[in-house]
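Each remark here refers to the structure printed beneath this line.
Read from first to last, the chains carry the letters A, B, C and D; within each, the first residue is number 1.
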Amino acid sequence: MSFKPIATTRSATGVMTAKLAIWWLLASEIVIFGGLLAAYIMHRIGHPEWANYAVHTNTMLGTLNTFILLTSSLTAVLAHHAAEQGDGPKAARFLYMTIGGAVGFLVVKTFEWSNEIAHGYTITANTFWSFYYTAAGIHGAHVIVGALCMLWVASTARKNQELHRVENVGLYWHFVDLVWIFLFPLLYIAK
Amino acid sequence: MSDNAASADKHDHGDGHGDHGHGDHSHGVDFYYKTYAVLLGLLVISVLGPEVGEATGLQIITLITAFGIAVVKAGLVIRNFMHLTLEKRFVHYFLITSLAFMFLFFFAVAPDVLNHEGSNWVNEAAIAHIERVQEEQAAGGGHGHGGHDAGGHGDAEHHEGGHDEGGHDEGGHH
Amino acid sequence: MIQFLLPQASSFAADIDNLWVLMSVIVFFWFICAEVMFFWLLVRFRYREGVPAQYVTGNEKHLKRWITWPHGLIILCDIAIIVGAVRVWYDVKQDLPEPDYTIGVMSQQWAWSFEHPGPDGELGTDDDVRTVDDLHLVVDKTYHFKLRSRDVLHSFSIPVFRLKQDAIPGREITGWFQPTKTGTYDIQCAEMCGIGHGIMGARVIIETPEEHEAWLASGGN
Amino acid sequence: MSEAAKVDAAHHHDDHHHHEPTFTEKYIFPLDHKFIGMQYMFTGMFMALFGGFFVYAFRMQLAFPGMSVPGFGTVSPTEYNMLITNHGSVMIFWVAMPVLIAAFGNFLIPLMIGADDMVFPKLNRLSYQVFLVSILILMASWFVEGGGFGGAWTSYPPLSADASYSMTPLGSSLWLLAVAVEFAAFLIGGINFITTAMNSRAPGMRAKDVPMTVWMICIASILFMASVGPLIAGAIMLFFDQMIGTGFFDPKRGGDPILWQHLFWFFGHPEVYVVLLPACGFVADVVTVFARKKLFGYQTILYTAIGTGVLSFFVWAHHQFVAGIDPRMANIFTVTTVLISIPIAEMMFLFIATLYGGSIRFTTPMLWALGFIGEFLIGGVTGIFLGASGMDIYFHDTYFVIAHFHYTFFPIAFIGTFTAFTFWFPKMFGRMMNETLGKVHFWGTIIPLNTIFIPLFILGAAGQHRRIYNYNHFPDLATPDLQALRVIATVSLLVLIAFQAVFIFNVIYSMFAGEKAGPNPWKSNTLEWTTPSPPGHGNWHPNDMPTVYRGPYEYSVPGREDDYWPQNEPT
């Protein structure tokens, strides 16, 4: 039985503590991705020759990944819905589906990257590819972290414990989805 | 502060969500599926947009479909999945502030990094780099080799450590 | 004031020193006011037996004006400082006068190399004179310098000119100065550039036209 | 509190006290915010010894070039660069931040808002552990092949990005990694502070009843969170440049070294206010207690703090005026930079105004707080010279800059820490510090502080640049007069360092042999003084958590017997 301080149970702002922390976490994530993407966009506009590099990104796989992440966002929100109804096992099932989405995303990513690296488009090839791998890599790290967190949340939710965590991990997951929603046009669509 | 006590109580019994305190915001499952359907529709449009843009030669269509739709999709996820609209006002404020700082960052840095020349300075290296790569791309059809060669050039130049060779003399490298 | 520590050897050195005087007057006025007030309050309201502290919230009109008036005055002073600073900045960095000569300045780890226009007065011709760590200038002539770096960041700083500009690899940055005083002075590197940063100095030699011609005639030795 | 909550709280309490925490649980891997705070504090002070040793070594080299420094040996240029770089990074990232924000934030926030702990004790512990890892990485970087990183704490590429320029292939990567890991630690800690301060306030505590220290640490954490992102992204990019050869900041491959400067200073300038604001908070709390006065304009001080915080995001490029940014941008940044003097000057005025009508007792903590105001004013006004673009052309990267920011950072990091440490020492250890030793330490620090840095202002005005290990290579600077100033600064530094021994002795002596302090030795209002010194686990008895009835600065209220009025005393 873990010890929980009285402080954690208070809510002077009216927003639950854990959720408030998640919102602050997302605010700090916005500036991390914001700084990186602002730098990328500046280079992208300033370097017309990058259009010819961007041609080599695989729009098909990018679209597939967007589809996977959107779907996993749906299952995440359905898990939240189930948790709201107090149905822990159902929420856990939806979370497992979301984790499945995360794994699928990473599998597609691995396939995509190994294909690109095999064609010589490595991270050191030029600055476009450096940004491509760095941005997608940081995002991928968030996907992995999100999947691990969901695994942990699902394990407690299954037992109908700590159901508020389902929504919080869901918020984080939606944010990961949001970042991808912007990475997708930046890296794949705009050519 | 009876709020605190109540939340403390419920919290410990494992149904921490009941005490949300914003009244009714439990959308039905249908609502989520509908949102999802709209998102997928937008995804299809954003993928088809550039095709139309290329066909008609209007790059603006590509940009609008790519980024306009990204913004719409993001809005839908934030509103319908993250329920930000039901959140307290101050949450909006600090999220928007972080975002605003990033725009500030972009517009303050762009004059130095996006532009390659300005008041009394010229970024010769960037201009030479662009010219050289574009020449190569034109010569080599632009496809297939771009990535590789630029990397090679970078390294080669690096060791020479020169400033003014500009790379023109290496145009026919591949 | 700065001229007592270091001579003014360029046309805009006096502007910068005057800006220093303007800012010092404003800034030290406020500084002295604040410190005098501070120490006076410390002495006046030190603990004395039987004298209780007053209950003051800070919203009393007659007390609050001690904050709001300085507040307004500081805004005025700030405007004066901004106007002074921007004018000097504009003259030194943005608005370059027509040059008599142009020189090239190349920085690298850890030396300066200078390209002087030869007898024809044009840079980029065959008679250019290249030197390392010695910059020869003619007094009272307007110069443009083209500043570059071969490897890492450096900073081209001539304290007697009150001039400083970082060199960025890959960029060519243009600036200007007009020496007004003959003599030999320091050039320092002012941006961290590695192990030899501490020895990356050079000398600027400001000569009369005759001396400079003689130097050119000797082939730059 | 409702009945249910009381039962609930009691349940928690019993549950926890079934097993007394072992030594390891209590001191090595504590969850209690007070012990984590102590860990941060003593780790930070330990790191200050390194920072102090570095400055000792390189100041000796500057005053007596080429001499064999006792305890170090001769300082080579490589070592000199390593010393200045690590002096700067250690003092800011591993001394000022952990002590001012993490240590006092951890110790004070829950106590001051009447909570039993931070909201996420385990995250809190994790934050300290991550911080400790960053220290190990940093220390490793000093001893690896090629030596520690020597590219200045700003770490500008290409010098920092390419080992063939910096000659420290491992040192620079490890240094960067240490900084990044340290940021992660403070992000975790910062979110914890903000959430705790926002959500876990005692019943009845409104926003305007929160002590200034809590407000300031909270605002500082928000500033940190909102500004550090671009630098984290930049650190990853720079790390890739170093380790796998990408070209983000390499101009020859389409990158741009200026980008790093922006990423760095977008964080770097708000960082100044991240450490400044907590120190201002301590000063506000200490000045009110020893002047027995209500804070002059609580809300105005709050607004000036928020205003300073917001404005601090608009000024960063004043560090880059002559660093190759477009000169037109400098005009905009001059305006914003000079304008930031308005809120910060007003805050200082309000602190001074708080003294008006007071009954000032010159105890050691009060002396430190007053010392902060007096000294920080010097740092503040000299900053205006550097923020004004025209003047900065000359002063950029000279010793004027060094003197300026040490007149801000020394008051912040050391005077601010001594203020808080001497003031809350009774609460931390249950004993009073020795006043005589405290005053000796105060004067032994304040006087050398000025004799160190006033000569540096003059050296800067004479055109002496930073980061140069031996000025004999520059004929204009190798004059005996200027050398005399360097010697004065170095000798003063030795005096200052020597007097810190008094402090260390005082701490150890008072910890074991000091006079016993009651719960409220200073007759202060805020909640931390309503619990025993040192507070037990959970700070208050769970059935007796404080409720707040008034603001924190109700001193000398007319018509009351006592000249203080604790926040939790029912009307």
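By definition in this document, contacts are C-beta pairs under 8 Å (C-beta built on N, C-alpha and C of every residue); 3 or more make two chains touch, one makes a residue touch a chain.
This one's a predicted model, so the numbers in the text were calculated from it and none came from an experiment.
Q: What is the touch distance from subunit A to subunit B, in steps?
A: The least step count works out to 1.
Q: Return the chain whose centre of C-alpha atoms lies at maximal distance from the corresponding centre of subunit C.
A: A
Q: By number of C-beta pairs in contact, which chain pair leads?
A: Greatest number of C-beta pairs in contact occurs for C-D.
Q: Round to the nearest whole Å and give the separation of the Cα centres of subunit B and subunit C.
A: Going by mean C-alpha positions, subunit B sits 40 Å from subunit C.
Q: Measure off the straight-line distance from the CA centroid of subunit B to the CA centroid of subunit D, and report it in whole Å.
A: From the centre of subunit B to the centre of subunit D is 35 Å.
Q: How many Å are there between the centre of subunit A and the centre of subunit C, using C-alpha atoms for each centre?
A: 48
Q: Please report how many Å separate the Cα centroid of subunit A from that of subunit D, as a whole number.
A: 34
Q: Using the touch definition from the top, which residues of subunit C touch two or more other chains?
A: Residue numbers touching two or more other chains: 93-94, 151, 169-171, 173.
Q: Which residues of subunit A are in contact with two or more other chains?
A: Residue numbers touching two or more other chains: 4, 6, 9-13, 15, 20, 24, 27-28, 30-31, 34-35, 38-39, 42-43, 47, 124, 126.
Q: Please list all residues of subunit D that touch 2 or more other chains.
A: Answer for subunit D, listing residues that touch two or more other chains: 8-9, 226-227, 229-230, 247, 251-254, 256, 258-259, 266, 324, 327-328.
Q: Strictly by the criterion at the top, what is the full list of touching chain pairs?
A: Contacting pairs: A-B, A-D, B-C, B-D, C-D.
Q: Taking the complex as given, what residues does subunit A use to touch subunit B?
A: 4, 6, 9-16, 20, 23-24, 26-28, 30-31, 34-35, 37-39, 41-43, 45-49, 52-53, 55-56, 59, 63, 66-67, 70-71, 73-74, 76-78, 81, 83-84, 86, 119-122, 124-126, 129, 160-164, 167, 170-171, 174-175, 177-178, 181-182, 184-185, 189-191
Q: Give every residue of subunit C touching subunit D within the complex, in rising order.
A: 1-2, 5-6, 15-16, 19-20, 23, 27-28, 30-31, 34-35, 37-38, 41-42, 45-48, 51-59, 63-64, 66-67, 70-71, 74-75, 78, 81-82, 84-90, 92-94, 109, 151-153, 155, 157, 159-160, 162-171, 173, 185-186, 188-199, 201, 203
Q: Would you pull the subunit C residues touching subunit B in the complex into a rising list?
A: Those residues of subunit C that touch subunit B are 93-94, 96, 106, 148-151, 169-175.
Q: Can you name the residues of subunit B that touch subunit A in the complex?
A: Going through subunit B, the ones touching subunit A are 1, 3-4, 7-8, 11-12, 14-21, 26-27, 29, 32-33, 35-36, 39-40, 43, 46-47, 49-50, 62-63, 65-67, 69-70, 73-74, 77-78, 80-82, 87-88, 90-91, 94-95, 97-99, 101-102, 105-106, 109-110, 113-116, 126, 130, 133-134, 137, 142-143, 146-148, 150-151, 154.
Q: Could you please specify the touching residues of subunit D with respect to subunit A in the complex?
A: Touch residues, subunit D against subunit A: 8-9, 12, 15-16, 31, 110, 115-121, 187, 191-192, 194-196, 198-201, 205, 225-234, 236-237, 240, 244-248, 253-256, 259, 263, 266, 538, 542, 545.
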